[in-house]
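Next come two complexes built around chain A: one with chain B, the other with chain C.
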Partner chain A sequence: MTELFLAIGFGLVIASVLALSAVGLSLQFGITNYINFAYGDFMAVGAYIAWTLNTGPMHWNIWVSMIAGGVSVGILAVLLNRFLLAPFARKFQKLFYILIVTFGLSLVLLNLVSSVWGTEVQRYSISNESPFHVGPFLFTIDELVVVAIAIVAMLLIHFMLTRTRLGKSMRAMSDNSTLAMTSGIDTGRITTLTWFLSGLLAGIGGTVLGITQASITPGSGETFLFVIFAAVIVGGVGSIYGAMVGAVIVGLATEVAALFIDPSYKLDIAFAILILALLFRPNGLFARPGKA
Partner chain B sequence: MSPLVYYLFTLAFFVFAYCILGWGLNLQFGEGGILNFAYIGFVAIGAYVTGALSLGKPQAGSGQTYIFGLSLPFPIGLILGGLAACVFALLVAVLTFRRLRTDYLAMVLISLSLVLYDVINNFVPLFNGADGLTNVPEPFADTLGLDPNTFVPFFAGVTLVIALIMWWLMSRITRSPLGRTLRATRDDPEAASALGKNVFRYQLTAMLIGSFYAGIGGGLIIEFAGAFNTSAWLPGETFLIFAAVIVGGVGNNKGMILGALIVPVLFTQLPKFIPDIPGHPGLILNIAAMAIGVLLMFVLWFRPQGVIPEKKRFSRLPAVLVGRRSGSTQQSAPLSTEDTL
Partner chain C sequence: MDALIAEKVTSGYGRSPIVRDVSITVAAGMITAIVGPNGAGKSTFAKTLAGILRPTSGKIVVNDTDITHVAGHLIPRYGLAYVPQNDNVFRTLTVRENLEVGGYASKKDPRTRMSEIFEIFPDLARADDKKAGNLSGGQQNLLAMARALMAEPTVIVLDEPTAGLSPAYTDVVWRQVELIAKQGTAVLVIEQNVERALTHAQFVNVLVAGANHVHGPVDEIAKLDLGGIFLGRDQTAQDLPADI
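On to the complex of A and B.
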């Protein structure tokens, strides 16, 4: 029983990492209508920028470094969209081209990260407190902070989408971008802001992934990408709230499954869930008509 | 034999092998419009199955564990490896093709290749885990008494023959009604299905044949190198083959040769021989990989049809009958034919 609670506890931590990352991917998909296959590498860039700030001469606090890493990836995402992705999306109507470009971008970023930061496993400098009990669960302070960050971020995104002009415009564009444009929404500005948010969440997601897994490698974001895809597909692609629920389902399932199977396959459980979701609810739990 | 000649034969082998891989992917992606981001997974299945079938029973002391171990002679193991990739493709296609549009399918396929990688890497009894298969017997080396010096040119020749057969087959396929329908489903799936074409069945066929090519290519690679492990098929390798197809010209079997020459050979095999910059191990390879990504984006932007574009294929019927406006085609119309390949 204790083991089950431990697994659920860590499942919640993974779910928080997933939720941050999956929402970032979903937001951008909703606006631009294509998957960013370089998203895992955006996460890696954020994780490494935070690592440099955290362990380099500046010795910034890990959470400050995380925000700085997120903002940097946000800016990178805006620039990449402005000078690479948007021109390709405009020039080619077929989905193929843009998907291959993001796939190629992932190769470029992965190798860029390996060239700049090397391929050895790195760690953040964070104090190693012993975990303590919260009810039946066992958490470290850092894990609790990660969960808190995810909850706050999800609430903020919820309020942004429902209460602010920006969020409403984003939802309008996601539903019908032409109609949104004719209603006077500055779609270019919204797209730029969405890419920034997506990059910000990728950077934060990559850093918290490095914190919770106690290791950072150039490929860690890319390997985590299929877990994010699982969360996104389970929830329904393009649905923000679906991505949040999918993150919790996939996060809990992978950790609890690790009790019953060899833990080295635990992330592959995410893929099994993805296939089951496709078989029984191909449009996701929160399907949006016309998106699948 | 001088090392240079030996090396040139090695490069020649890779050109032929990558041509086979490229033709398979071209049928799936170029002709059929299936964005198979898991392509390298099918190559790996072909390689592992071919290897495990050609090897003898695992020896207790060797530290290798794998399934099969049937010591099958050369072409049989290879062909079964190709068929194994087909079976896997069938499974994947039946599960996913009907349900998903292009980008979702690409997402599922890329996830699939990562999971397959993870499982083969961790599950040692299958194909010896991360260490992979080694000491795969070199085909005909015993019967013809070949040493490593003569085996390389010999097997490059065998691969050339196989590649020529596969080219001939592929050009038959792309010229056949199957190829024509595939291009139609790629360009406009709705229109094709409105004309009564079963899009799923055609895409399934492309997927299966393409995966067979992947399996054969993978099988040849393991027979040539004698070993295969997970470092040989990192997910980025799929991108390499995509880049080769796109640079050579999508939907163009002849252009593939140029693509195989430029991308896998010029950009990946050659840089392996540039000495490392001191203190930066692997930097050259990283830069080469980035260069491939950038090259692909440039080709897509400036020459989206590749260096050698796909030939427009015209009907044999006079223009009046197919309702083509005069002037919309070049001088060769209205009686241009499609058997120019």
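On to the complex of A and C.
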């Protein structure tokens, strides 16, 4: 029983990492209507920028480094969209071409990260305090902060989407971008802001992934991308709330399943969930018309 | 006063023009209809006015301002609102949110305007928290019109607002269109149903094969053999002057 609570506890931490990352991917997909296969590499860039600030001469606090890494990736995402992805999307209407471009971008970023920061495993400079009990669960202080960051981020995103003009414009554009434009919404500006938010969440997601896994490598974001896909597809492609729910389901399922099978098969469990979702509920739990 | 003037507008998709040298004027407080056979370019012309398609030549003027090269999202601020035939509401947003989005192009407090809109469209007031995608087709068309009116446009372009609706709901929609015109808005309606256009509009433009065929007051247009014009039988109509 203790092991089950331990697994659920760590499942909640992984769900938090997943929620941050999956919502970022979903926000961008909702607006552009294509999957960004370089998203995992965006996470790696954020993780390494945070690592440089955290362990380099500046020795910034990990959480401040995480924000700086997130903002940097947000800016990078805006620039990549402006000068690479958007021109391709305009030129080639078929989604297949733009998917290939994001694949190519993923390879370029992966190699760039490897050449700038090296391929060896790195760790953040964080306190190694002993875990403590919160009810039946066991957490480290850093894990609790990760869960708190995810909860605050999800609440802020919910507030933005339901209460602000920016959020409603994003939802309107995600629903029907031509109608949004003819209704007076500056779709170019909303696209830019969405890429920034998506990059910000990728950068933060990459750093908290490195904190919870106690290591970062150039390929860690890319490997985790398939778990993110599982969460996004289970929740419903393009649905922000679906991504949140999908993250909790996939996060808990992979950790609890690791009690019964070899933990090295966690990624395969995420794959199995992805396949089951595609077989039995291809549009996800929160299906969005025209987005599957 | 003419709220909308389009002069010799040519536009289409890619390099092939669908509409060629189409001219039209729409007066404030009047309903002007564009009729024509399938493929005549009516919807393409409406999309060009709304900024979805760019004219390759010609000029579009709204309230004495040339909007030909204005960015599409700014066109509602110049006073032209557009309601497409299909996918004309934000399905995942509530009725209230749809109206709010429509009000973004207006400087007026959206809450005040929304109260006015709910008075004109009481059915929508009763369903304000419903997702637009859950409304009936007729209600969605009314919501689309209401959303367009949130920005208090001087010209509203309606692309087949009654397509696919029951006769009863078609009457409801047309009553609203007449009410909008009565309040001083210039209304341009793309209409497939010629009888309806002749019943409700004051001016009619007949578009055939992407070009102006004939236009004028509804009484004059009603005298023509529109069926023949649509089918290309009535060649004499080709020689009618643009203004009857």
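Everything below uses one rule, namely that the second predicted complex is superposed on the first by the 292 of 292 C-alpha atoms of A that agree within 3 Å, B and C clash if a C-alpha of one lies under 4 Å from a C-alpha of the other, contacts with A are read in each partner's own complex, and residues count from 1 in each chain.
Here is the rule we use: a residue touches a chain if its C-beta (ideal position, glycine included) is under 8 Å from a C-beta of that chain, and two chains touch if they have at least 3 such contacts.
Small disclaimer: the values here were computed from a predicted structure and weren't measured.
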First (chain B), second (chain C), both or neither touched by A:264: first
Which partner reaches more residues of chain A (counting touched residues only), chain B or chain C: B
Which of chain B and chain C A:184 touches, first, second, both or neither: second
Contacts of A:172 with chain B and chain C, given as first, second, both or neither: second
Touching partner for A:105 - first (chain B), second (chain C), both, neither: first
Which of chain B and chain C A:255 touches, first, second, both or neither: neither
Chain B residues within the chain A interface of the complex: 29, 33, 35, 37, 95-96, 99-104, 106-108, 110-112, 114-115, 118-119, 122, 235-236, 239, 242-243, 246, 280, 282-283, 286-287, 289-290, 292-294, 296-297, 300-301, 304
Contact set on chain A toward chain B in their complex: 34-35, 37, 84, 87-88, 91-92, 95-97, 99-101, 103-105, 107-108, 110-112, 114-115, 119, 222-223, 225-226, 229-230, 233, 237, 262, 264-265, 267-268, 271, 274-275, 278-279, 282, 292
Touching residues on chain C, where the partner in the complex is chain A: 50-52, 72-77, 82, 84, 87-93, 97, 100-102, 104-105, 133, 147-148, 151
Contact set on chain A toward chain C in their complex: 165, 168-169, 171-172, 174-176, 178-187, 288-289
